[in-house]
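Below you'll find the structures, each written out as structure tokens.
First chain A sits with chain B, and in the next complex the same chain sits with chain C.
Here is the complex of A and B:
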């Protein structure tokens, strides 16, 4: 425990800016993963335990595309589109078979794919750590805000994540397809009876969730190292985020992700060894005081 | 056998409807017989590998069977049951390393610690429903794991409890002797399974099944659901802790992985593999998983790939654990409705 470091940082504007920014980028990446998770849970009522794998695939796809083409934009596109397709296939071929079954069976299918996907990545890209490297366009001098260092790439990352949150939120609230998705989450039988193909909606939502996780992975690829199994810690953290925010709530995922980002960022100063413990402690406190999360609704 | 059953000609149901006392005696005899067979194994096969295998089966089997008291019997899907496995291993290991008390004293003291920890954590967790219960247990598990990692001066952090666990002999039992450890592990396994079977077959066990099937109905007829769930949570924790103690004795140490959530994940997996509706399903699952792990690790580097495909076979192919599948198949073949419970 190192509380002096924490109080020292809180007193310095430079440190405050640096830590807040780093809290934000952790939070924004987590949000992109967690919002997919929460969407899939909200509509399909499936806890997608293999969601972290999509984050991992997004990162690897982006890295490969970047190495082949040298284009950052194409890398992001490949990361997002590749995982969307993967999500669609995964849902249609495997998950759709266990919808009626026990929750445990669904978890087991996902758990199986966590193991399988990690080994597939190991086969294709090798077991060692990889790095994509920062694209040339962002290899510029960092910005200084109130004495704190903020790399320009961080701003792009936060901007893209916020844009995704806005598009998703507005899309679900305002568009026709958004309304159909919400209706399917509420009463799939009725939606199906109205002549709408619910299988298509389920596949689409799963693909969308996979795409968001893949986008997060692609965005993280330049700043994090890539390794098989990288999806796992992200998965656990995004579970914490969705649970804190309330399963199925997009706003909850956003707030939860920022809170967890800040806990990680500032916690690593004050409690270097217990940073993870802080997150779990926070989760326990939230769940004990609000059993369905901050923005969760009691679902029967 | 009642006249009604005699008329129906359902010998498969005999056991469940036998007099409680004779049933207990029968269970006791079976337990004794199993223990004698296990204890005589080393005399027949002199292989150390086999003994090690059975000791590991005892540790994981107690853990997995106790988890099934929650998952299969009560419908409480705990993702954090492994915390009690880790707690048992660390509690026992630390007690032996730091205090130098006798083994039985450390054993009882570890169970006492587990009891209080489980009581506190359980009191918080069992209020929550389904998926939130799963996640809050997971959070507690990770909290304990993080504490083990960060409390370096006590637990050795990520290095684990090293330097070996002293195992002074007591009552003529010397646990540093592999044969003695083997027989002791077998005894703990058989006693643990016997006690858990008694719990599952008791009126309390049937109360648990009722809570699993319809908690609201149970509470309407006057059952204190919260208290019943808490009781089974604590009882299951004690057996999981015993599994952890066996593991600590076996490896002569304790490692953070024992308290990591993957232990809980494996426990759930073992249950699904073996089946959750039969009492011995988790034991079958344990043996299967350990054999599978050992062979797959020897044959290929892509251990997860093979294991994952096997899991898929069970989840999508059979849609149930092996014992469940076998019991159902047997029931259908006999053309009688197999009793679930």
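Here is the complex of A and C:
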């Protein structure tokens, strides 16, 4: 425990800026993965344990596209679109067959695919870790804001994630398709009786969730090493975010992700040997005080 | 009318059998070689984030075994490798090692595990009494601690304390010249990371006593995000940073630290940087990182080392790793010991291995020695230098002096109660 370092940081504007930005970066990547997870659970009522694999595929798709084209924008697009297509196929061919099945069965199917997807990545890209490298446009000196260090790439990352959160939130709240999705989450039988193809909605939601995880992977690819199985640790942290925020709540995923990001960022100064533990401790405190998470709703 | 054959063997068959029998008695080694191969078992990590440890170990072993088999194998017995994945889990490494001996009939083990698994395989070797060569574990205690010692286990890998003595003296000279007094460390939170960092700091302070460690970071092994670690180091404002992160962890760390311009704000000493695993993967390698040599074909700068690196590249379309040379050395030593003992028997090979000195592309003076007293490899090329972003990556390596290493290692062993 190093409380002097923590209090010293809280009293310094430079440190506050650096650590807050750091917290946002960690949080925003987690949010993109967790929001897909929470969306799929909210609508399909499936705990998609294979969700981390889409993060992994997004990173590999982006790296390959970047190596072939040299275009960062195309790499991001391929990461997101590729995983959306993969999500749609996965949902239609496999997941749609276990809706309504026992949770244990769903978990087993998803876990089987975690292993299968890892092996697929190993076969295509090899077992060694890879690195995409930072695009030239972002190989620039970091910005100094109030004495704090902020890399321009991370500002882009935070911006993209916040934009995704806004589009998703507004889309679900204000658009017709958003209302249909919410209705399908609440009462799929009624939506189906109204002549709406619920299979299409489920496939679309799964593809959207996959796309968001893929986008997170693509955004992470320039700064993280790529390796088969890389989705697993992100999945665990995303589950923590989802549970803290409340299963099925998009706002909860956003707040939960930012909180976890801040705990990691400031915790590494004050509790360097207990940063991981701090994250789990926070989850326990939230669950004890609010079993449905910060923004979760009671299930009737 | 048809001819009926009398029962019994034909004259031709009888002659052929007599001929074969005569040849067998005349050349007994031919009969044994044809009748029996010798199986060598190898538990290693072939899946997960450090699969490269296993694949590059396996590649090097197979490259050397081809040569040994072409020259007649171990005392006339062709070597057959049985390689199994331990998935990086110590309990699995121990189970696989036991199965390789008891079920697959392996007579020798090449333990190509990381440190955690190596200690588990070591206990299997202790229990079964099988000849075992540890090839990848660099944790000093594995062979330095007398409690670990067994007559049938040897190590052909670097040793953390050797690296730290050379690295500490190299860094202290730079620290004195540039006035680098405030240091930070950032190493993985497991046995290798903690031990190696501790040993490095010990020798750094020994050679430059006014150095102060103002910040320590211990990210967990295989951590995906180092942002909080990078910013923590930036907050501490050290003048120099030491790290023994390796492989994918090191490349992730460099990619993430790069965009914070960390490398322009302090002098960085990363012992595991100068290995092709990291050098060729990092896209924007910062100039001027100080590193210990791992495997680079330009150090030692000899035709033998360059030829070995090129032969590996030609066969596997990638450069060898630090694990590759360590595993190749195990096979080279086995072959020479078997020749010396004129036997493929594990006990006789072990006897021959103690104190054995062989020619090696990886030797500081063209040779390496299996030191008899603790059955660990010495005399390998060891040095430190600074990186550049393209070949030869570390253009000038300052060689460590083995005389100094031996002296300080003896002191270190004494201080640890190992002698």
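The definition used in the following text is that the second predicted complex is superposed on the first by the 300 of 300 C-alpha atoms of A that agree within 3 Å, B and C clash if a C-alpha of one lies under 4 Å from a C-alpha of the other, contacts with A are read in each partner's own complex, and residues count from 1 in each chain.
The rule we apply is simple: a residue touches a chain if its C-beta (ideal position, glycine included) is under 8 Å from a C-beta of that chain, and two chains touch if they have at least 3 such contacts.
As the structure is a computational prediction, the values presented were derived from the model and not from experiment.
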Quick one: is A:94 in contact with chain B, with chain C, with both, or with neither? Answer first, second, both or neither.
first
Taking the superposition on A as described, I'd like to know which of chain B and chain C A:113 touches: first, second, both or neither.
first
Touching partner for A:103 - first (chain B), second (chain C), both, neither
first
Per the contact definition in the header, classify A:273: touching chain B only (first), chain C only (second), both, or neither.
both
Return first, second, both or neither, reflecting whether A:197 touches chain B, chain C, both chains, or no partner chain.
neither
Using the touch definition from the top, say if A:187 reaches chain B (first), chain C (second), both or neither.
neither
Kindly classify A:69 by the partners it touches after superposition: chain B alone (first), chain C alone (second), both, or neither?
neither
For A:151, select first, second, both or neither according to whether it touches chain B, chain C, the two together, or no partner.
second
Taking the superposition as given, does A:123 touch the first partner, chain B, the second, chain C, both, or neither?
first
Which parts of chain A are in contact with chain B and also with chain C?
122, 273, 276
Using the touch definition from the top, list the residues of chain A that touch chain B in their complex.
47, 94, 97-98, 101, 103-105, 107-109, 111-116, 118-120, 122-123, 236, 239-240, 243, 247, 271, 273-274, 276-277, 280-281, 283-284, 287-288, 291-293
Which residues of chain B touch chain A in the complex?
71, 77, 124, 127-132, 135-136, 138-140, 142-143, 146-147, 149-150, 152, 157, 261, 265, 268-269, 272, 276, 302-305, 307-309, 311-312, 314-316, 319
Which residues of chain A touch chain C in their complex?
5, 9, 15, 18-19, 22, 25-26, 29, 122, 127-134, 138-139, 141-142, 149, 151-154, 220, 222-225, 227-230, 233-234, 264-265, 267-269, 272-273, 275-276
The residues of chain C that touch chain A in their complex are 46-49, 51-52, 55, 216-218, 220, 222-225, 227-232, 234-235, 247-249, 251-252, 255-256, 258-261, 277, 281-284
